[in-house]
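Shared between the two complexes below is chain A, which pairs with chain B and chain C, respectively.
Let's look at the complex of A and B:
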């Protein structure tokens, strides 16, 4: 039986719930309010009281409202159709939502369940497989999208049957696996994975060896970034961080690009929506949008979902990496993410660290950066997630000093590239972040 | 407030602070309104049966046996065309002696627009001020604050901008206005004969600070009515957002919340974003543009309020006194409109962007020359010309008392360039020089 609870305290989007059974840290729950189900995540447990952060507005919520725990953590849905998707921080499809305004409690399916995908089997009956091994593939745009043994499967399985080549929806069984106890498990094209857990279904994480061309000359020539490397762009607001990231997104040599607009301005995200469908990928001649997934959590969306958005983006990258693809994750910006962490920590009345950030901020960010990297897959192929984040600093402050903001510091430890935009580019009124050769 | 049948009344307060009261009550919804001895209050926290209310007009004279009635609904505003030309207080009640508004009651502080449903802003908002139109062009659907020290005439500039802008409605949200400023706005609107397209929500310094917290939501609820229901172009003026943030910190302080950076509440970023992100270009033609004022303490933009604001808004307009020209100017170095490229050269003349860059770059050269002069170095002929140019450029273009069309600004810029420089020194593309250079 699942655990239930009742709301017993509310401060903004931090809600205290008295529970009648076991709950787990980061477990999800639904709070019922006025016919809506609001998704929330456990962030602290004290005795029989769980503190949950609600991913929606808590207006109208009452003490005594019922809560149902779901017995799982925040998950993303992984399967063909993610590319060219536009999602919010919780992977709701923003394009299929009705109405101009976001409705509270409206959750939309990230994948189109009706589309038929042309499936080609790769595994044979009798093959021994483990999690993330390839069973077959479908063409997603121009990319071979591998259908894998779900990451959550533990141990070795024997392939009992694989569907013949043909058209299938994501929910149809494309393979049956037998576990070591002889039980048959059907596998579809869709799997789920908790976003805050790193996908580790690979053999090893060797040192990156190849350069990832960003297409931005000043980076590729003087400060090249490795495929599977991490980097960050610090700079005050208005110095051109976003312009540089968009340039990298347009020209970067990657199979898959995931852009996480974390707490960004909606009008800047609209710029991506407007521009990207028009742009052509210089490497393949196809539309840029076909290889891009956008995770969009604008600054006015609930703060808890902002925190989730970067994890959602990273998990999608890890999924494509397991197919042997080169992925590039661009997060704009990690300082807004850090602010979200600060806000929740403040709500929970934790003692503040430097600049009121939570004391484990540095550890959280380091862990996150560490999920990037080039990996050697079980079948000997390689895949990579290259991560470039952005950190803001106040305008004109400490112009040439090292980034001293606490949310910028931890980034420096795990990353291997620092793209600092000098303050001087703001001064002569040159639109910053632009190649000087384009001016004049 | 009309008495309703389901109203619940309590008469035993547990705690009183200057801004909040706490009592035991059941079935209370988050964000719900209540009255405390007739004073309007709002639920901000519940913990078990203990409910904390922020009392907007302050708790002076509130006894422990005050009568507390819950209204069962969050703050609302009556909306209809009758709003036009009227002045209201923070609760949406008329302060101009006119009758109450008849119309539909709408919840204020409602949901966000789905970013995917937004349109890219693309309409120029001309202000007549060259420091804005030429160098930091405003676009409908944009949100941008004036950053100014309290002694700068920002309210005057804002009134000028509002009255010159080609919009259907202007909504003024005045927070902590001095009575003099309030009367100034009222006089300016009346004498311009523009009253019928203006709606004002005003909280003056005479009134309790916590009341200010309602102003932005009220103003934006009215703006959404005109922009969404009537497809109108709406300009919202919010002055002064620093005083709004101060009111937030008063409430959180009285609730014993742990202060975050600069003793602001930890949720400052989200609180500000919720307001500013209401700026939108809607798919059906309506738009909300927000121009705000954030007063600075001695130009310090690293303070939490301007710092957080800068990460939300699409640029900032920096006002400062220029001792060389004796004018108040829009600082070309520290100001930025992030959306200017959406209209420059598209809705304005082709040479706009080039002229802007050249003008600001030469002004930067003048700053360098000035530094040389102050340090006792010899000045070159070019330096001297730069200094003269800077004075004329500041007087004729950067000064806030300029009121000319964009076309005139561009012609003026060409004229000043020709007076002091050769075409090569301006670095402007030859095609434009051939076409526009003012020959003697």
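Let's look at the complex of A and C:
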């Protein structure tokens, strides 16, 4: 039986709920208000009181409204059809939503359940498999999309049967696995994974060795970024961080690009929506959008979903990495994500750190950066997630670095890139790159 | 790469000296160092995101261009005055930029390289 509760306090989108049973941190819940179900996430539990952050506007919410806990964390749906999709931070498919503005409490399916995918089996009956092993593949655009043993499966399984080559929808069973107790488990093309948990279904995570070609001279030659490395582009507002990031997205040598527009202005995001479908990938000659997924949470959307958007983007990257692909995650911008964290931290009356940001901010950011990397898969192939974030408040958000210790900057380490855009480049008379001394 | 970075840093120091002491107040080598850094800046660091060819510069091309630019920077030039230095380097910067806008190793590209080679002799 699921846990229920009643709303007993509301501070903007932070809601206190008195619960009648066990709840866990990061557990999801639905708050009923005026016929809508508002999705929220538990961020603190104290006795029988749970503080939840609501991913929607809380207008009209009142004390006594009922809450139902779902017993699961915020999850993303992973399967063929994610590429070329445009999602919000909670992975709602924005293209299937109606109306000019997003309606409160409206949630859409991220995958098209009716599309038929041409499936080719890769595993044979009798094969021993573990989580993330490849069972078959479908063609998603020009990329081979591997259908894997769900990441959540623990232990070794035996393949009992695999569907023959043919066209299937994502919900049809494409394989049956038998666990060590002899129980048959059907597997479809879709799986779910909690966004805040790193996918670790790989053999090892060696140090990155290859350079990721961006086609931008000042990066490739002077400040190269490794495939599976991390980087960030700090710089003052309006200096061209986003422009540089778009250039990397267009030309970066990656199989999959995921762009997380986290707290960006809506007009900038609309620019991506209108520009990207027109662009041609210089490496393949195909449409750039075919290998791109956009996760968008604009500045006028609720702040709580901002945090979810970067985690959703990273989880999608990790999913494609497990297929042996090179993924590039561009987060624009992590400073706005930090602002969202600050907002919630302040509402919870936590002890403030520098500039009222949460004290553990650098740990949160570092943990997130640590999810990127090159991995050696169980079948010997490699996959990589390269992460490039950008920050308007660089001094606060450098992972594992302090402002007064420049030697500790990520750019000083071999697999990390720091590309600081100097303030002078805001001057229209001086082109960006005029101050090359600042470039690492 | 490190060599290019050092040349840019040195050029900046020279620019500061020239600003303080004036064009006539510094030796000719200061002007030469400054313009060598400008060459790296304009011909290599700056990139035109709105040009179909220059927007994407593959690694092979980057290596080729950096090598060419460093060969120019390695050369010691003789000038009678700083004006002469400025004119020559501006001419080379212009040629290198035209190369950036041209298809790699195309006849036009080779022609621009030929124009530069007279300065490298």
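Annotations
We take it that the second predicted complex is superposed on the first by the 404 of 440 C-alpha atoms of A that agree within 3 Å, B and C clash if a C-alpha of one lies under 4 Å from a C-alpha of the other, contacts with A are read in each partner's own complex, and residues count from 1 in each chain.
We adopt the following convention: contacts are C-beta pairs under 8 Å (C-beta built on N, C-alpha and C of every residue); 3 or more make two chains touch, one makes a residue touch a chain.
Source: prediction; values computed, not measured.
In the superposition on chain A, A:273 contacts chain B only, with no contact to chain C.
Using the contact criterion defined above for the overlaid structures, shared-chain residue A:282 touches chain C, although it does not reach chain B.
Set against each other, chain B and chain C touch different numbers of residues in chain A, with B touching more. Contacts of A:301 after superposition on the shared chain: chain B is touched, whereas chain C is not. In the superposition on chain A, A:355 contacts chain B only, with no contact to chain C.
Chain A residues in contact with chain B (one complex) as well as with chain C (other complex) are 431, 439. Against chain A, the residues of chain C that register as touching in their complex are 1, 4-5, 8-9, 12, 40-41, 44-47, 49, 55-59, 62-63, 65-66.
Those residues of chain A that touch chain C in the complex are listed here as 211, 213, 215-218, 220-222, 243, 247, 250-251, 282, 431-434, 436-437, 439. Remark: chain A residues 8-12, 16, 57-64, 86, 94-95, 97, 99-104, 237-238, 263, 265-271, 273-274, 296, 298-303, 333, 335-336, 339, 342-343, 345-347, 349-352, 355-356, 392, 394-397, 426-431, 439-440 touch chain B in the complex. Against chain A, the residues of chain B that register as touching in their complex are 26-32, 44-49, 74, 109-121, 135, 141-142, 228, 257-261, 265-267, 269-270, 273-274, 276-283, 301-302, 307-308, 310-316, 332-334, 336, 338-339, 341, 356-357, 359-361, 363-365, 427, 429.
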